[in-house]
Amino acid sequence: MIKPRDPDAEAALEADDIALEVFIHALKLRHGYDFSEYSRASLKRRALELTRKFGVERLGDLIPSTLYEPALVREIVSHLSVPVSSLFRDPEVFLRLREEVLPMLASWPRINIWLAGCAYGEEVYSLAIMLAEAGLTQRSQIYATDFNDYALERAAEGIFNRQNLPEYRRNYMESGGQARLSDYYHARYELMRMRRELLERVVFAHHNLVTDGVFAEAHLIMCRNVLIYFTQPLKDRVLELFADSLVRGGFLVLGNKEALSATSPVADRFELVSATDRIYRLKRDGV
Amino acid sequence: MSESGYAALAIGGSAGSLEVLCGILEGLVSPTRLAVVVCLHTASREIGELCTVLSRHSALPVIEAQESAAVAPNQVHVAGGGYHLLVERAATFALCAGPRIQYARPSIDVLFESMADTYRRRLAGMLLSGANGDGAAGLRAIHRLGGLTIVQSPETASAPEMPQAALKLFAPDRQNTPDQLIDAVRGISRLAR
Amino acid sequence: MIKPRDPDAEAALEADDIALEVFIHALKLRHGYDFSEYSRASLKRRALELTRKFGVERLGDLIPSTLYEPALVREIVSHLSVPVSSLFRDPEVFLRLREEVLPMLASWPRINIWLAGCAYGEEVYSLAIMLAEAGLTQRSQIYATDFNDYALERAAEGIFNRQNLPEYRRNYMESGGQARLSDYYHARYELMRMRRELLERVVFAHHNLVTDGVFAEAHLIMCRNVLIYFTQPLKDRVLELFADSLVRGGFLVLGNKEALSATSPVADRFELVSATDRIYRLKRDGV
Amino acid sequence: MSESGYAALAIGGSAGSLEVLCGILEGLVSPTRLAVVVCLHTASREIGELCTVLSRHSALPVIEAQESAAVAPNQVHVAGGGYHLLVERAATFALCAGPRIQYARPSIDVLFESMADTYRRRLAGMLLSGANGDGAAGLRAIHRLGGLTIVQSPETASAPEMPQAALKLFAPDRQNTPDQLIDAVRGISRLAR
């Protein structure tokens, strides 16, 4: 067997792997943020990015800050929870929502939408725009939740970087948007601020998928690119939570790489609407 | 560096790497205990087509790497677009929707570094033609943890920047021509365990 | 209600309490030392002493060292496990051993003695001296164990500080010693080294009371000032381990403040030999 | 500082403190919700005798603090010799056989600091006559966490060093004569909860 070129690298790897577990334990005990059921490989990568951001050498050097500097914790948690999206991300999904799902939602007198893991709010505004364009705003209520309070604050502000505007515009058009995206924001310097009217029917709330329970009688739940970070037991638990939170016939939209696998305990409670866009519907005949 | 005893082969490439990659896949001996993981800079909608193309050159099944799926031997797993691909310690795939790294998602660095952590000296890494610096740091991570590191010799690469970036960063075990890469992969797949 | 004079002090206290738990977790994951069932108040005090020793500010600052500097860990563990004793500590206990217990041990053709938690070895040498003076050395075998390898090394060296010599001499005499303590050590500078012959029938071995099992068919077990650091469940488990390790009629000697309480699951397997000196005897008629 | 709302009273003293302490115990109102913990610099064999003496002056039972026992209200717990006495967060006693601290075991500092951590602003601490500096840091710890701190006024102490050391370190809430200490303890025990 070949020896490692750099025995220190192997020792550091083993130390970092354990430091990651201790770091997770510290976050949980000190602040109640529970990353213990998050996939380790990408969690570790993001923790290592934090070491560079904070100018410390090793992953374990983040632990004292985690324990003693509450002000840093929201930054740590934000970075670990990857709140990255864009307006109308994966426009084909929004196109299908617009063309197939919204018309069916329109059959309900009141439409409750749960955006679980809303991060910085890109999907909140995307959805609010689509509801407005479909004339459904007044009948709808969006509950946008996240376990990261800092992300919730940012989402409520609705300020995004204009450097991504070309992508946002393209996404909007590909999602079937007929207006001009600029109708929905004010540009200022390098920033864009989404119009406040879009939040008319939006409530932001703290909700932790790891620890909290059923959230609402929802007609549509969107939870995209959240489950990929969870271990299988947590995935299963969250999917069950979604099934229990939906009205019969309600819709569930997952991320492009998140399947409701056949082995999921709630698989037989859903029927498939779109395999490519990961849209499911709670069966009307119950469980 | 011997070619025996590897459990996984990580291959990264970008512009100009497809043809070389097809040759490499043809070199794979089947059945093998080796698991192959490929990361090109592929846009999300091209993945199905890419797997189809690669399948024609491979005796092993070529499939998109699925979140939570096992990194199975005797298969070629290809990173899809729009997400970073990582390998967990339990040799299963993980995805990350985080920001692009060096303008790339999937990032070769991200894949290589996570595979280096998991397989350590039982990993071989190959970095092919490409027009940017992604993969160099990842290949060095493989090197540090005792894995075998091979770059396509820049003079044979239609876009030499990628192997050159690695050569600037550290001394990989080998610089191989496409033909040598095929020989290497034949040995690695035959002697895998 | 009165407000705290120093709100920072209260915040630091809360952070330190959690840092202690994280520190314990780090020691366990990284090195296998499990202090999780140790009483917290004195463990915390000793951890805070370590921060001063290592020149760091807060308890949590010990965690990176614990993760990345294996060389420091034996020092950390040694300090946390309080290996402090003296020769013939509590001489009245040794007097009773000499006068009452050794004569009864002499009725066995072979005498196995387990010194559990031997620390730096003071009791190993004290006992070896008493066995020699009772003419029992050749029939006896002392197994001196500790979970702290550094302490075991020190115990095998048998080097103590001469500044404590007056106390040691007084203890030896009060324990019924008839010879001169100086017969048993070589003095050199400020140190004293116990004579090697005392170790003739001594084996030092790693054994962890928290995780390891039955150790030997012992006729005498001494485990003094170890159980006081353990939580009640661990105390109970260790006492059961001792009961299972003793031959029928074998003796158990605990520390002066460690009672085999009536609520202990093994209480009815023992009979009391001396309440003040905490000496118990496993009943001959078994359980 | 009011005398209401305390759950525990910690008393430390050394040379010359016994007589003052007896007076203080006489001031305790029984029954009380207050738990009293006393740490003198007592040698291990004197503890039984000490409890007997103190009992004569106390309407509350006076007992040696036992390892793992609860810090019970309406009792006076006295630290035995040869071990440090601490109070755990769950308000139970712990012992430590570690080295002497400032030549003392039991150490008043160790007891006071652990009680400050546990009771915070619900702790009152008294430091009496004594010929050394033990207890000063512990009393300051009580002060920092919002507890009530009282020292015997040095001019009334037969060995003034102990209260003086505290006065040098910080500003305790009160300096009391023995008579004032008795009044204070009467209020604290009556208004405890």
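Just so it is clear, A, B, C and D label the chains in written order, and each chain counts residues from 1 on its own.
Keep this in mind: a contact is a pair of C-beta atoms (placed from the backbone, for glycine too) under 8 Å apart; a residue touches a chain by one contact, two chains touch by 3 or more.
Keep in mind it's a predicted model, so treat the numbers as computed, not measured.
Undergrad: Just give me the whole-number Å value for how far the CA centre of subunit B lies from that of subunit D.
TA: 70
Undergrad: Whole-Å distance, subunit C centre to subunit D centre, using C-alpha means?
TA: About 30 Å separates the centre of subunit C from that of subunit D.
Undergrad: At what distance in angstrom does the C-alpha mean of subunit C lie from that of subunit B?
TA: 55
Undergrad: Can you list every residue of subunit D that touches 2 or more other chains, as numbers and ranges?
TA: Residues of subunit D touching two or more partner chains: there are none.
Undergrad: Chains as vertices, touching pairs as edges: which of line, ring, star, complete or other describes this one?
TA: The chain contacts form an open line.
Undergrad: Following the definition at the start, I'd like every touching pair of chains, please.
TA: A-B, A-C, C-D
Undergrad: Quick one: which bits of subunit B touch subunit A in the complex? Just the residue numbers, please.
TA: 1-2, 5, 44, 66-68, 80, 82-84, 86-89, 94-99, 110, 113-114, 117-118, 120-121, 143-146, 148
Undergrad: Can you check the complex and tell me which residues of subunit A touch subunit C?
TA: 12, 15, 18-19, 21-22, 25-26, 29-30, 58, 60-61, 63-64, 67-68
Undergrad: Tell me, which parts of subunit C touch subunit D in their complex?
TA: Subunit C residues touching subunit D: 1-6, 9-10, 13, 17, 39-42, 44-46, 82, 84-85, 90, 225, 228-229, 232, 255-258.
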